[in-house]
Structures are given as structure tokens and as C-alpha cells.
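Everything below concerns the one structure shown next.
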């Protein structure tokens, strides 16, 4: 994927570099939180791909670019199509309003890089 | 449904009463916005039930009780199970943090009334 | 005005009762903040009525019912018309999204009581 | 404490009633989250009373009445004085702005009931 | 204007580049939303220039740099003076608190470039 | 400190440069606000170091990188240890949820640079 999208490549690299600082700190509560966070998106009665899209909706209406990139990439890895990603972003746009648009623009750039 | 849940009955009644004021005002932009809002949750490539659950996730992490009640009720009407609703709320809880908990508590009260 | 609108009467009464606790506490920083807050809405190059409407926009997109009621009432006192109030609320609706709607509904109830 | 403050009594009672629904649901992720939440405020290098006040600051600037009541009550139980509580609320007021004021008013009502 | 302000030039260029991705996607709901968004700021009973300043207030208290830049530039194009822009930002600062300050600093940089 | 941390050096420099624009504008309300902001963190019944950590909690759960950097640096100057900073950030993480994590990662980078 990193070969398709420069945005994804840079995001993944920076995230890994910054996470290594967090890992070294070895903070007990942070590790517990990361663990819960990981479990939240596992396959359940709701399929994992819809959970990732729910994460995308939450990230978009709360307006966090890093979180948006993360869930777009995870959804992409799970085989989610571009249209599905757009429909999820639409929910966030309508719930969250025009303040979401600058983040949506950057999300669409990543979508275009990933899906061509 | 209103016979099962006092919370749902009161919410639906108050919402209808307040919406009648909005309807009477006949504000063009508001009507356009309501129209877009309605279209956002229609069956698409993403099934309507998952769109409602995405609306629930957005409403929960943005912490709006009325919106949470609305999407729980809509999801219920579309046949979403209680476990599916809980899994969606979990995404919102983890993304949005403990500040979400008081709203989650009220959501669970409605879930208990609806699903017994 | 309180004779026209039950919502306004109750809001003003509760606000006064709660503010008396704050006043008794005599907290220096709080009094300074209240002072700045008061000065922000005074007639300037921007007329006071548009500042109140700006306060209404901010309160609506940040979704605080008490603040919305306050700025609707202040705008009403300054002779702002209902249509002007609705146009300000529209800005907040579009910027803030559908999560604003439940607050808009309650705002329209107050507008209807005040303007008939 | 419940004998001193009607606000505290009602809050604690409602919270317990609603939490019983959550407990019955026995949702694994929610229980894990509650567990982390509990551990966050335990005595550490930062004394428990300052952690509760930090929780109060977070709750106040994120504007959640239930969370504000909870941390005021917990701080009170740990021997925090009224002035300390007010200083914490001041941080939240200045960081979060006038949108915080309606919540601050309700916080001061509880402070007045608890500390006389 | 782009000749006066490097910040404005870069913002407008990046926005246009990113918007072209969104346009190519041709998403129906996004286009509808853009259309409503456009109509919100048209001359009404409230003059267009005050609507742009309301958009600036909303963008500033919701803390979105791109939206702040956009509404400062639109206001500038409509003949709004620097003092009017500052008075609008003051409303957002007082409502939104010190968390707004970093965005206000960047807004003042753009104001200085535009108005000299 | 600037010799230890490149992140701190760049932040302090940019902040000073941008603040000079604000200072030149000489806006009365902004100056009053800055004054209140300054007074909020002075030694009180709550020690200054805990007030800075409260500022860090507020900044982290409201997700403002500049504000986070500022309060980490101020806390560092007042002799706060790294573990105390991490415990404060934990409160913000649990209250604010996983949406806080990207900001926490950047905070940990600064902590690592400052404390080695």
C-alpha cells in the first residue's frame, strides 16, 4: 500500500516513530488503553470492516487527521471499497457539519491515492 | 415500540412537538439540511442499518442524548440487535473516552427498555 | 418579555438564582472573566446586535442551550428580528452539522414564544 | 454527604440506578474501560486529590455536568477544600471559555451545598 | 490579495488542489452539502459581511485553521475592516477560551499580511 | 531547555514570532484575556505546578498541540518530573479517549527530548 500512497507511507512512518517513544515509556495505563483500543475493532457481531468505518466516522466528526488516515488505511486493508468509505464520511460530514470539510478534503486525497 | 419504552415514547413525543415549530417556520436552508440529513442514512453500498449505527457512533462520541436516542430507535426499527448496538457504542466509548459514560448509561437504559 | 415566553422566564429565573451562588463566592478570577465577557458584546465597530448574534452562532455550534437562550433573549432585547436570528442559527447549523439540530429545535421554541 | 447536599444525593442515586443497567449488560469492553477509569485516579506520584481535581478540570472544559458532579464529590471525600475546587474550575473556565459558565454555575451550587 | 499575503496564497492554492479531488469523486451528498454551505453566506436580512464574520466566529471557537483562513479572506474580499475582524475573533476568544489562542495567533498573522 | 529539545525550541520561537503580531495589534480585550490567563496559573492554594498540570490535562483532552507543548514546558520549568507529566496525560487520555492518542504521541516526543 505504501507504494501506492505517499500520504499513507508518511503517516505510517511517523506514527511508528512516535509510537516507539510511547512504547519505551512503558506506561501501564497507556498500555492497557492501547489494548482496549485494539480489541474494540476486532470482528464481532458487527463485522470488523464496519467497525473500522465506525472508527472513521468517529474520527472524522471529531476532526482528527491522524485518526482519519488510520481508519481509512485499516478499512482499505480489510477490503472496504472507496464508495463505502465515502458513505461513512458522508455520515460524519452531515452530523459534524462544514467544519469537517477540510478534513474530508485530506481524506479524499488519501482515498484517491489508495484507490487510484 | 412506544409501548415498550417510556424513554422512547417521551423522546418521540417531545421531538415531534418541537419539530412542528421548526416546520412552521418554513426556513428554506433548514428544510434543505433536513433533506440531506434524511438522504444520508438511506440504504446504499453500506446497508441502512450500519449507517444508523454510524449515526449512533457519531452521536455518542459527540455526546448528544437526543441524537443517541434517535439512532438507537432507528436501528431498533431496522432490526439491529442489542449486541450490535453495544458494539457500536463501544467504538464511541473508546474513541471518545470516559466523558461519554454518562451518555452511555442513558443509552443502556433505553436499550434495556427496548430489548427487555 | 417574561410575560410572553415561559421558556425565557424560567431560564432568567434559574440563571439569576445560580448566579447568586457565584456572586457570593466572590472569586476574583471569575469576576474578571465576567467583566471581560460583558465587554465583549458592547457596541463597537461591529454593532452590538451583530455581536449578540455572533454569540448566538458560537453558542449554537458549541451546543450550549443556556448560552443559546441567553443570546436569543439579548438579541431580542436589542430589536433583532426573528428572521435575523434564524439566519444566524443557519450559519451555526451548517458549520456545526446535524448534531446541532436538537438545540436548534429548542431555540425555535423560544423564538416562537418571543415573536409569536 | 448526601444529608448535606440534595444535588449530590440525587446525582449519586440516579448514577447508581443507571449503572445497574450497564452492570447487568456485562459488556466485556465496558468493564475493561471502567477498570482503567478507576485506576487512573488512584494515588500515584501525583496525589489522588490532585488527580480528582484534574478530572474536574477535564470534565468542566469538556462540559459534562454528571462528570463535574462526580469529581467534585470525589474531591470533597478526599478532603479537598472549596478554594482548591474553585482554583481547578478557574483553570477550566479560562481554558474553555464562557461556554463553560452555565456548568460552572451548577458546580458552584453543589459546592455551596457541600461546603455551606 | 495573493500578492499581499503568502499565507492566503498558500491556503487558496492547497484548498483548490484538494477540492479538485473532491470534485472528481462527484459524490452526490457532498455536492448537496457544498451547495447548502454556499447559500448560507449569501446576502440576506443579515448582510453577507456579517454572515462571513459569523462563519469566522464559528470557525474560531471550533478551532479549525483552514476555516478561519477562509472566512478572514472572504470577509476581506467583502470590505470588512481589520477592527471588525478582530471584534469577531474576540467573541470567539471569550466564548471558546484560551484554547482558541494558538488559532488566534495564526489568524492575526493573516490579518497583518492582508491589512499591512 | 531549548538546547535539549528541538521541538521546544521551535515551538517557543514560533510562538514568540506570532505573539509579536498580536502584541502590535494592541487589542484591549485580548490583552485583558492574556492577563487573566496569566493569573490563572499563579501559585495559589493549589501549587503552581499542579495548576500547570491541570492546564496540560485541559489542553490534552481538548486536543491542542501548541497548548500541550506550552504546559509541558511550563511544568518542566517548575520542576515537575516526567512521571508526574505522564500521570496527568493519563487523566486526559482516559477522559478524552483514543482521539487523544495522536496528541499524546507528540507529547511523549517532547517529554523524551526534555527528560532524556
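Letters A, B, C, D, E and F mark the chains as written, and numbering starts fresh at 1 in each.
Here, a residue touches a chain if its C-beta (ideal position, glycine included) is under 8 Å from a C-beta of that chain, and two chains touch if they have at least 3 such contacts.
Small disclaimer: the values here were computed from a predicted structure and weren't measured.
Participant: Going by the stated contact rule, which chains contact subunit B and subunit D alike?
Facilitator: A, C, E, F
Participant: Quick check on subunit B against subunit F: do more than half of the interface residue numbers occur in both copies, making it same, or fewer, making it different?
Facilitator: Interface between subunit B and subunit F is built from largely the same residues.
Participant: Sort the other chains by how far their Cα centres are from that of subunit E and give me the top one.
Facilitator: Here the answer is chain D, farthest from subunit E.
Participant: Cα superposition of subunit C onto subunit E: how big is the rotation, rounded to the nearest 5°?
Facilitator: About 180 degrees of rotation relates the two copies.
Participant: List the centre-to-centre spacing of subunit E and subunit F in whole Å, with centres computed as mean CA coordinates.
Facilitator: Inter-chain centre distance comes to 27 Å.
Participant: I'd like to verify one number: the distance from the centre of subunit A to the centre of subunit B, where each centre is the average of its C-alpha atoms, in whole angstrom.
Facilitator: Measuring from centre to centre gives 23 Å for this pair.
Participant: Using Cα averages as centroids, what's the distance between subunit B and subunit E in whole Å?
Facilitator: 32
Participant: Subunit A: which residues touch two or more other chains?
Facilitator: Residue numbers touching two or more other chains: 29, 33, 36-37, 40, 58-59, 61-62, 67, 90, 93-96, 98-99.
Participant: In graph terms, with chains as vertices and touches as edges, which category applies: line, ring, star, complete, or other?
Facilitator: Shape of the chain contacts: complete, all pairs touching.
Participant: Write out the stretch or stretches of subunit A touching subunit C in their complex.
Facilitator: Listed in rising order, the residues of subunit A that touch subunit C are 61, 93-100.
Participant: Subunit A touches which residues of subunit E in the complex?
Facilitator: Listed in rising order, the residues are 15, 18-19, 21-22, 24-25, 27, 29-30, 33, 37, 58-59, 62, 64, 66-67.
Participant: Considering only the defined contacts, which subunit F positions touch subunit D in the complex?
Facilitator: My answer: residues 36-37, 40-41, 44-46, 50-51, 53-55, 57-59, 61-62, 67, 81, 83-84, 87-88, 90-92, 94-96.
Participant: Touching subunit E in the complex: which residues of subunit B?
Facilitator: Those in contact with subunit E are residues 29, 32-33, 36, 39-40.
Participant: Considering the complex alone, what residue numbers of subunit F touch subunit A?
Facilitator: Its residues touching subunit A are 63, 86, 90, 93-94, 98-99, 101-102, 104-106, 108-109, 111-112.
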